[in-house]
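See below for the structure under consideration.
Labels run A, B and C following the written order; every chain starts at residue 1.
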Amino acid sequence: MKIFERFLHIDRRIIFVLIFIGVALPLIWTLGFNLEVTENVESVYNLMEELEPGTRILISFDYGPSTKPEIQPMAIALMEQAFTNRIRIIAIALWPMGVQMCNEAFEKVSAEYPNIEYGIDFINLGYKVGGMVTINHMAKDFRSTFPTDGGGNPIDEFPIMKGIKNFDKLGCVISLSAGDPGLKQWVMIAHDTFGKPVGGGTTAVQAPIMLAYVNEQQQLVGLLGGLKGAAEYELLVNKPGFATKGMDAQSVAHLIIIIFILIGNIGYFATRKKDTMKS
Amino acid sequence: MRVYILLVILIFFSFALCAQDISFTASDNPNDDGGAILLEWNVPPSFPEMIITRSIDKENYIEIARVTPLLKTYIDDENIEDGQEYFYMLSVPKMNGETLQSFSASAIARAQWFNTDKISLLIMTILLGSAILYFILSARRGKRLYIRKISGLDTIEEAVGRATEMGKPLLFVPGISDLDDMQTIAGLNILGHLAEKVAQYDSTIYVPVCRSMVLSTAKEIVKESYLRAGRPDAFNPDSVFYLTDDQFGYVAGVDGIILREKPAANFYLGAFYAESLILAETGFESGAIQIAGTAMPTQIPFFVAACDYTLIGEELFAASAYLSNEPNQLGSLKGQDVGKAIIILTLLVGVVLEMFGIHFLKDFLATH
Amino acid sequence: MKRQIPMLITFFVGALIIVSEFIPHKPFGNLSTSLGGWFLIISGFAIILGQLSLFKVNIIKISRKAPNWPYFIIALVSFSIMVTCGILWGTQKQPGLIPISDKMLNFFGYKPFDYIFKYMFENLSATMFSLLAFFMASASYRAFRARNAESTLLLVAAVLVMLGRTTIGSTLTCWIPESLGFLHLPNIASFIMKYPNTAGQRAIMICAGFGVIGSSLRIILGIERSYLGGK
């Protein structure tokens, strides 16, 4: 019975060590658990697949370093799909650090696609403060909202920006968002006001809130939620990356937590039974 | 042969034009402060990209936009003056650049004094405001109002007593948002009551803050509380101090305080984000009694799991009224309950109507 | 008077903002945005108060040689270094007082402020954030006990969601045929997150909204005066 009492009071350092091992090892040795693609993620994938080669899309990088582990793999997978299908990306940021996130993602992906040229297949227009006001302004007059790219060069110099005056010539809008301003604002303006299809990626904590917009009116075509959403997208584009590895680690960590929960409950029931018998 | 082909094309376009009501209208953009005109059109989807031009004298038209048939609306808000009539032309160009067909409309922009999109909000505001005022007046007239027990708030005195007995301080964390967040103000309201108790019991309280504006307010609140308790000499201005604006820098600082000072009771009352569990777990490890309260739905589960008592959502805002036990303030809590009853009734009615295929309530609430 | 004037200002401004919410006509239409801008400007100046408080508290602890006082020196030194680097050489977007030398730029790859931010501050923030993973495990172990019906329900839902949101869930139920697809753990997890969880979150948000309204009305009408330091 003593062992059951010990189950109730496991030193949390033991839990921490096991979590550390459970997260670290799968990052080194991939376990390759089976991953099922959910409907919401597949919808975003199909939205991109149905675009004609040469179509321009807008990706908004509305997150920062703290949520980079969850959202950056989504950005990379989306870029990989776009460049494979010759879809051109116009990138902007509504968060200051979003610019850096975009640059890092592009640097990583462009190494695998040497034919991709900045200014023709991809452009980073930089960060603009203002959230919803900025989106509204872009929808009416894109060029005055972003007169230059992130490096200060006039957008007239770049072939990818030819003819872009508002959202009309964009195939769709994708917002990778960790909070406010972000996905909600894009839905309100780009879809509800201007009728553009909007897809999104967000953190696992925010995903349940944003799921409400995946509805009959298709306010959101689909949603990538957290690291799992990113891993599912990597599976769809057939380029397993950090999210796939991370899912193994996340799975093992969750399993360890569940095991400890079960141990705690076994200890609880065993000692409760003992106390009942005593009394 | 060419003549026949041209004839066929002309007949096709004529049918296309006749088969659908084509319209182009211009009107003042509703529910704004002027300076905008709403252009709407209904044309066959087969039409190419169209050109919108504008003039103030019906003669010199300048291009303002190129639009597609599917867009259906465009708001012109560039250099529009209220009271001035503007004339618009929607032109359908031919392949060679000449105009195949054009439509005209005119409008004058004006500012509105009432936003009709917010009718439901106004109705709700009036109902809720009236309910709150009614119950406040009822309470003033002496009517007893029942408010359910909130365990977390009843424990405050016990927590202060425990800290005094143990000779340890209390820790109060007012969240990481600024004064423009109502949760921070609600937390600071509770701080006032708590600080008064601390002054009465001759204990110590630490209030690390994340924002400079909150620093000034919290310091003033704690000082006044000590004054009310008749212990102005016991007030230590350095007990309310600023750490950093950065989220994780702040939580690292607070964790350090918890581990070094080992407070007997921790209060986390305000707006929290990802750092909530880090604070609560560190506090649990130090052996303190923990009372938390936040209206962030994503952080409530962490506080519930790690703290002894949690004020969920509106309990945080009700805390000040609950602690003061003033009839005026308790009356406002009853008024809020009326608001909740209205929402529940609306939800039930809406669900039943939707089940029978009647959509007017949903459409009304969606557009107003 | 000390209390009356702030209460009058609160009432006037509060009532004005409520009314302006419904009136698009100038000057009401942009009132909330303008006042929000004023708040940002004032809070910008208030930052100075915060920094002075930080210095004062740390210096007092250092001078009294409070326990662990060397760490308070580290705090002040770190603060001073960042401020100095920012003022002297600026950041990536903002120039400083001194132009950065090519030698320094080649060595660090960034301006000193950006270098410290990227390689020290960001990593420290990520470290603090990563504590959540460990604390989540210990909090779950402690909190999820089947003490009664509600906590059992919570436990079962938590386990289903934790399994369903990972690849283990997919692996465990991949053998179930598509016709019984609703029994796949990922689908069960999605159902729990989409319906009961969303319903609960919305209920909390609606009630919190009412709480904000009630609290705001009490402050605007002067019934609640704790924020002024009064009762």
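Side notes on the structure shown:
As a working rule, a contact is a pair of C-beta atoms (placed from the backbone, for glycine too) under 8 Å apart; a residue touches a chain by one contact, two chains touch by 3 or more.
None of these values were measured; they are calculated from a predicted model.
When the C-beta contacts at B-C and at A-C are tallied, the pair with the greater total is B-C. Chain centres were defined as the mean of their Cα atoms; on that basis the chain farthest from chain B turns out to be A.
Centre-to-centre separation between chain A and chain B, using Cα means, comes to 25 Å.
Per-chain Cα centroids separate chain B from chain C by 15 Å. Centre-to-centre separation between chain A and chain C, using Cα means, comes to 20 Å.
In chain C, the residues that touch at least two other chains are 125, 129, 136, 138, 140, 142, 144, 201. Residue numbers of chain B whose C-beta contacts span two or more other chains: 247-248, 274, 298. Shown for chain A are the residues that touch two or more other chains, namely 12, 66, 209.
Listing the residues of chain A that touch chain C in their complex gives 10, 12, 15-16, 19-20, 23, 33-36, 38, 65-66, 204, 207-209, 211-212, 226, 228, 231, 247-248, 250-251, 253-258, 260-261, 263-265, 268-269. Residues 31-34, 111-115, 118, 121-122, 125, 128-129, 132, 136, 178-180, 182, 185-186, 188-189, 192-193, 211-213, 215-217, 220-221, 223-225, 228, 238, 241-249, 251-252, 260, 274-275, 277-278, 280-281, 284, 295, 297-298, 300, 302, 304-306, 312-318, 320-321, 324, 326, 328-329, 332-333, 335-336, 339-340, 343 of chain B are the ones touching chain C in the complex.
Those residues of chain C whose C-beta lies close enough to touch chain A in the complex are 122, 125-126, 129, 133-134, 136-138, 140-142, 144-147, 155, 158-159, 162-163, 165-168, 170-171, 174, 184, 186-187, 190, 193-194, 197-198, 201. Per the touch definition, chain C reaches chain B in the complex via residues 18, 21-26, 29-30, 36, 39, 42-43, 46-51, 53-54, 56-57, 60, 67-68, 124-125, 128-129, 131-132, 135-136, 138-140, 142-144, 200-201, 204-208, 210-219, 223-224, 226-231. Chain B makes touch with chain A in their complex at residues 65-68, 70-71, 75, 77-78, 247-248, 274, 285, 298.
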